[in-house]
Amino acid sequence: MQFSSDNWAGASPQISQALVENGAGFASAYGTNELDKAVEARFSALFEREVTVLTVSTGTAANSLALALAMKPGGIALAYREAHVIEDECGAPEFFMGAGRIEPLDGDDGKISSGSLGAALKRFDPPFLHHGRATALTMTQSSEVGTVYRPQEISQLSAMARDAGLAVHMDGARFANALVSLAVTPAEMTWKSGIDMVSFGGTKNGCWCAEALILFDPSLRENAEYLRKRSGQLFSKNRFVSAQWMAYFENDLWLDNARHSNAMAKALAEGIGASDHARLAWNCEANEVFMIANRTTEAKLRTAGAKFHEWNRPAFLKENLAGDEAVFRLVTSFATTSQHVSEFVEALNA
Amino acid sequence: MQFSSDNWAGASPQISQALVENGAGFASAYGTNELDKAVEARFSALFEREVTVLTVSTGTAANSLALALAMKPGGIALAYREAHVIEDECGAPEFFMGAGRIEPLDGDDGKISSGSLGAALKRFDPPFLHHGRATALTMTQSSEVGTVYRPQEISQLSAMARDAGLAVHMDGARFANALVSLAVTPAEMTWKSGIDMVSFGGTKNGCWCAEALILFDPSLRENAEYLRKRSGQLFSKNRFVSAQWMAYFENDLWLDNARHSNAMAKALAEGIGASDHARLAWNCEANEVFMIANRTTEAKLRTAGAKFHEWNRPAFLKENLAGDEAVFRLVTSFATTSQHVSEFVEALNA
Amino acid sequence: MQFSSDNWAGASPQISQALVENGAGFASAYGTNELDKAVEARFSALFEREVTVLTVSTGTAANSLALALAMKPGGIALAYREAHVIEDECGAPEFFMGAGRIEPLDGDDGKISSGSLGAALKRFDPPFLHHGRATALTMTQSSEVGTVYRPQEISQLSAMARDAGLAVHMDGARFANALVSLAVTPAEMTWKSGIDMVSFGGTKNGCWCAEALILFDPSLRENAEYLRKRSGQLFSKNRFVSAQWMAYFENDLWLDNARHSNAMAKALAEGIGASDHARLAWNCEANEVFMIANRTTEAKLRTAGAKFHEWNRPAFLKENLAGDEAVFRLVTSFATTSQHVSEFVEALNA
Amino acid sequence: MQFSSDNWAGASPQISQALVENGAGFASAYGTNELDKAVEARFSALFEREVTVLTVSTGTAANSLALALAMKPGGIALAYREAHVIEDECGAPEFFMGAGRIEPLDGDDGKISSGSLGAALKRFDPPFLHHGRATALTMTQSSEVGTVYRPQEISQLSAMARDAGLAVHMDGARFANALVSLAVTPAEMTWKSGIDMVSFGGTKNGCWCAEALILFDPSLRENAEYLRKRSGQLFSKNRFVSAQWMAYFENDLWLDNARHSNAMAKALAEGIGASDHARLAWNCEANEVFMIANRTTEAKLRTAGAKFHEWNRPAFLKENLAGDEAVFRLVTSFATTSQHVSEFVEALNA
């Protein structure tokens, strides 16, 4: 009953196997060999246009590079108040940006509202030297609380940001989970909706270590490559990530993994929603479930062996919690089994 | 006949296999699980004292973190003129240091001389606000030109630097090659010779991606962990590196790989030394061979299929090159075979 | 009727005169001559203990240096939501901190509440690598909205912050105005109330350019001097600021200027409070008055020649504004005359 | 007999007087009032084209801003080995550049040679990600050793740098001294010779505090203003510098000061050149004289009350010093008198 996080799983067997198969032979280093190029072609096919692919070591690095690419002196990135770039990256985005700032935006269900974005943009219009200037908007898909921006929502926010001259970034640490949830194409969820840059995550969805920054504007490539190298993020044996990417996309492994993960989350959410001992904090739209339960129930679950984290009650959770209730996060992955889920629900109702 | 670089090889089969074997099951993320702890214990045993192990994605990151840890406002790191931190890291050390500077030192055979270090230290003593202040000394073992510092040399430089209040770092991207060349222990080559921090590289010696910063001073751990996280260098599924480390040390794979690599280099050097068509630029002490040859010989070798890089003639190469002679670097690795070597020597003498 | 800002005034005649008198003769540069030392002694007498005085070019630089001094990797400074360091310094504090972050706190009347500070400190206790860590608390005295922290308030916030290991900084751009408002000593308002560092401003109170960072902990001096030099903030002819400081303190010019300025603000506030055409947003405690008025009144005042800025309605202003009312800021200085004030009140009531 | 530095002098009486005259009345802050605009117009007239003028607090800040403006990720500035930006700014340029690097160039007489520049440019052509990339060339006029680049020299270096895509900066801390030495116009010495940016210094030539970065490319203004504000370098009462600039240019005070200063240096150099007890290290071309003398002579001069600094023997000083000879720097200023000079020469020959 392991629901701590999707990065507690190991790797899909196909991913590890790809490393075995690619271990022999010589290939040029630093992302310049045939396999590396094949990966870029594969991503371009996926996104239905030529893209730049910059493999990095972590999602934090991908997000930070993206915001750094958009940075200007005095620059400010706009992000959801509880976004990973604010809460969980220890200042890496500000470090990569060269002392930039991230301003928090609000909205319901863990998503930036157009009203909050509009108010922030207005503050920097006309520009006033003393305030700094907005340079980028970043949104997380699926969001930190397991919800998903609809393409129309993305388009609306992107258009507002672009009109004000901002670059628009998507933190896709759980890109695949959002994609299969929406049943749209990668292109529709990104550049066709106004996205300029994507942090494309594979690690949480069955890879060992596969994160990339995807750029739709080829003119950004040069600066991006220097920024990556200068942050110690250019792997020498880059092909070990490329091999993972190839296996990830082969036979739609990535979509299968995400569908499985989302299905497990849905089953879990249904079990919780139907229980008398807990309820859902909000709808589950990807592979994260947020459960409200009291301490007695929590203790019962932990005693039964369930693993999960308590979640700080998010700012947008307007509903008051009763008595000693708290919010708990449950995350599923490719490695979650139906048995994990049914055991959890049984323990909950025991 | 692939001698371009030791990072053009793939991975030892044992390394890839370890990833297959560790792929199943759940384990806590971000370097906190049992395997991660076992790695730290393994390194402590290796170094005969308790050490802090910070896995990062690249040697550049390990070096940069080390220099950042030693940084103070106005700080300056001292390094050999042609050190990797100066020539090949695109400013990453300065970036991690928060706008520090690296001052070049000189010496023969790619190694810092005590005279050059002494002159640099004298310049900052007494301290003068306008100059900045020296905060760290870094030396590369084995060096960028394949030579190796003797323990007495390390001790001498370290003592001078420590007396002046500097931290002392070893860039051990090719740590194993130097170690087996000297036939000393890891402890003797590092902290027993005055080293405070080591960039310990596994990638060039048979791993896919295994680099770590080793700290001998436990009081540095806290800042080091924040610096690593803030630079986007904390792997979520860190166990994928830990699994490599465990396989790397098991049954002395790492020493065997390094001995093989050095032996191949030695054979290559002997072949070149005995040839009428080329000569050695200096002695080969690890797994890199530097050959002086003219353009005709170079063309002959390339036509025969040999792969290698021309090397900028280093500053310390006092000997004049004749006519159209140039310097070429040949690197061996665990994957180099005797056949590669003998083919190369044959082609050279053809 | 000039109420735009206290930095729209020129300089007190005594300040300019001091520059004339000190223009001749040679003196060592970079803050090392007798006059510079006399200034440090003068400040030490003022604060009743030995202090370190670092003259810089702007209040922004003083604040930024202070937060940089307290910085650790992953560090976060805590400040009032509408503090100058957040709203009006274009990211300078983050830049000096080396990519630090400033987290906003809340409270009434433009002052940090102990509840808001407590909640922020709790978030970083126990420390969690991914969040970063709180390193400094900064409060503005007098505040950005013209209110003043009582010594007990300062003591309470400082004690909370110190218990959590934070350094405590006071942004004293209007130090003198707060001091005469409270009728306490500089020591009582600062280190006796738990303050570690003060940005001591003279520019807004009659100097041309006189800002200094005051440190109560002598062990910070060395790093502070390197940080100042490295930010291009060490004046060569530093004595031109020292001469201003000496004139500033001579015969209590600074206190007289602040008393005059506060008295003008008080008269202005009384006139507004007694008017049927406007009202005070909150109490005036130093030299800034915040007036609520509708657009008709605003237009009338501007037509009459009054100069002042509209103010973004602060977050803590809970009272709803009626109709087309807005908030306006009026600032007085040593150069404000009773006639300016009475003309303004007449125009308001016309 | 005060020859320590030109920043040991105070200010020309006209400069201080201008501050007295401008002390009354209100004017908008942060460089936006009429006097500030008049200064920009005055500089534009001086340079015979529209220029952007950014007043900052120190020459270090002006140089650092210039190099930051030219910076790209992985960027490297090229400077003379003993340039002020390398030796005397405590890492400020690297800090403003956001972790850039400065690479040293060589040449005779304290000036960059075209050979050294060519070699450096060649190293970055074609670009190689791992090395970083050259982004700016900076030269000091007059140089750190009192020599002066001829317009043809400036043009040659600038052309080489511009062809390689670099921005070209002149550190004009002693701009006026070079200008009157060459008897050319400001335009000829700068943009007509390929200069893009000038650090224009007034402090060393009779001002209290007057340094500005001059930009010839108007498209740089926006970023420059944000960079300046973000570094805490935007004076609130900026008119206190503007008043100095107006007085500085009025009736050619700046040229008169520089001519006087250079004449004093020339007289000093002639006295030293004619003496049996000392000799010139190289020609004096502006307001700095470098004297070679032995310790006995040095002691004699110091006993007689002469004030001057010993100078590190520069790298380009090929001539061997005899016995206990050393190099000493003597700097003249607007405040140096003929009596200082004759007393010094007398003491030398005593």
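Remarks
We call the chains A, B, C and D, going by the order they appear; numbering starts again at 1 in every chain.
In this section, a residue touches a chain if its C-beta (ideal position, glycine included) is under 8 Å from a C-beta of that chain, and two chains touch if they have at least 3 such contacts.
Because the structure is predicted, anything quoted here is derived from the model rather than measured.
Distance between Cα centroids is largest for the pairing of chain D with A. Looking at which of B-D and C-D shares more C-beta pairs in contact, the answer is the pair C-D. Separation between the centroids of chain B and chain D, computed from CA atoms only, is 41 Å. Here the spacing of chain B and chain C, counted between their Cα centres, is 51 Å. Rounded to a whole number, the gap between the C-alpha centres of chain C and chain D is 35 angstrom.
The multi-chain contact residues of chain D, meaning those touching 2 or more other chains, are 74, 89-91, 95, 98-99, 129-130, 132, 226, 229-230, 234.
Those residues of chain A lying in contact with chain D across their complex are 30, 68, 72-74, 98-99, 129-130, 132-133, 223, 225-227, 229-230, 234. Of all residues in chain C, only 2, 4-5, 7-13, 15-17, 19-20, 22-29, 56-61, 64, 89-92, 95-96, 203-204, 208-209, 226, 229-237, 239-240, 307, 335 touch chain D in the complex they form. Note for the complex: chain A touches chain C at residues 74-76, 87-91, 94-95, 97-102, 129-132.
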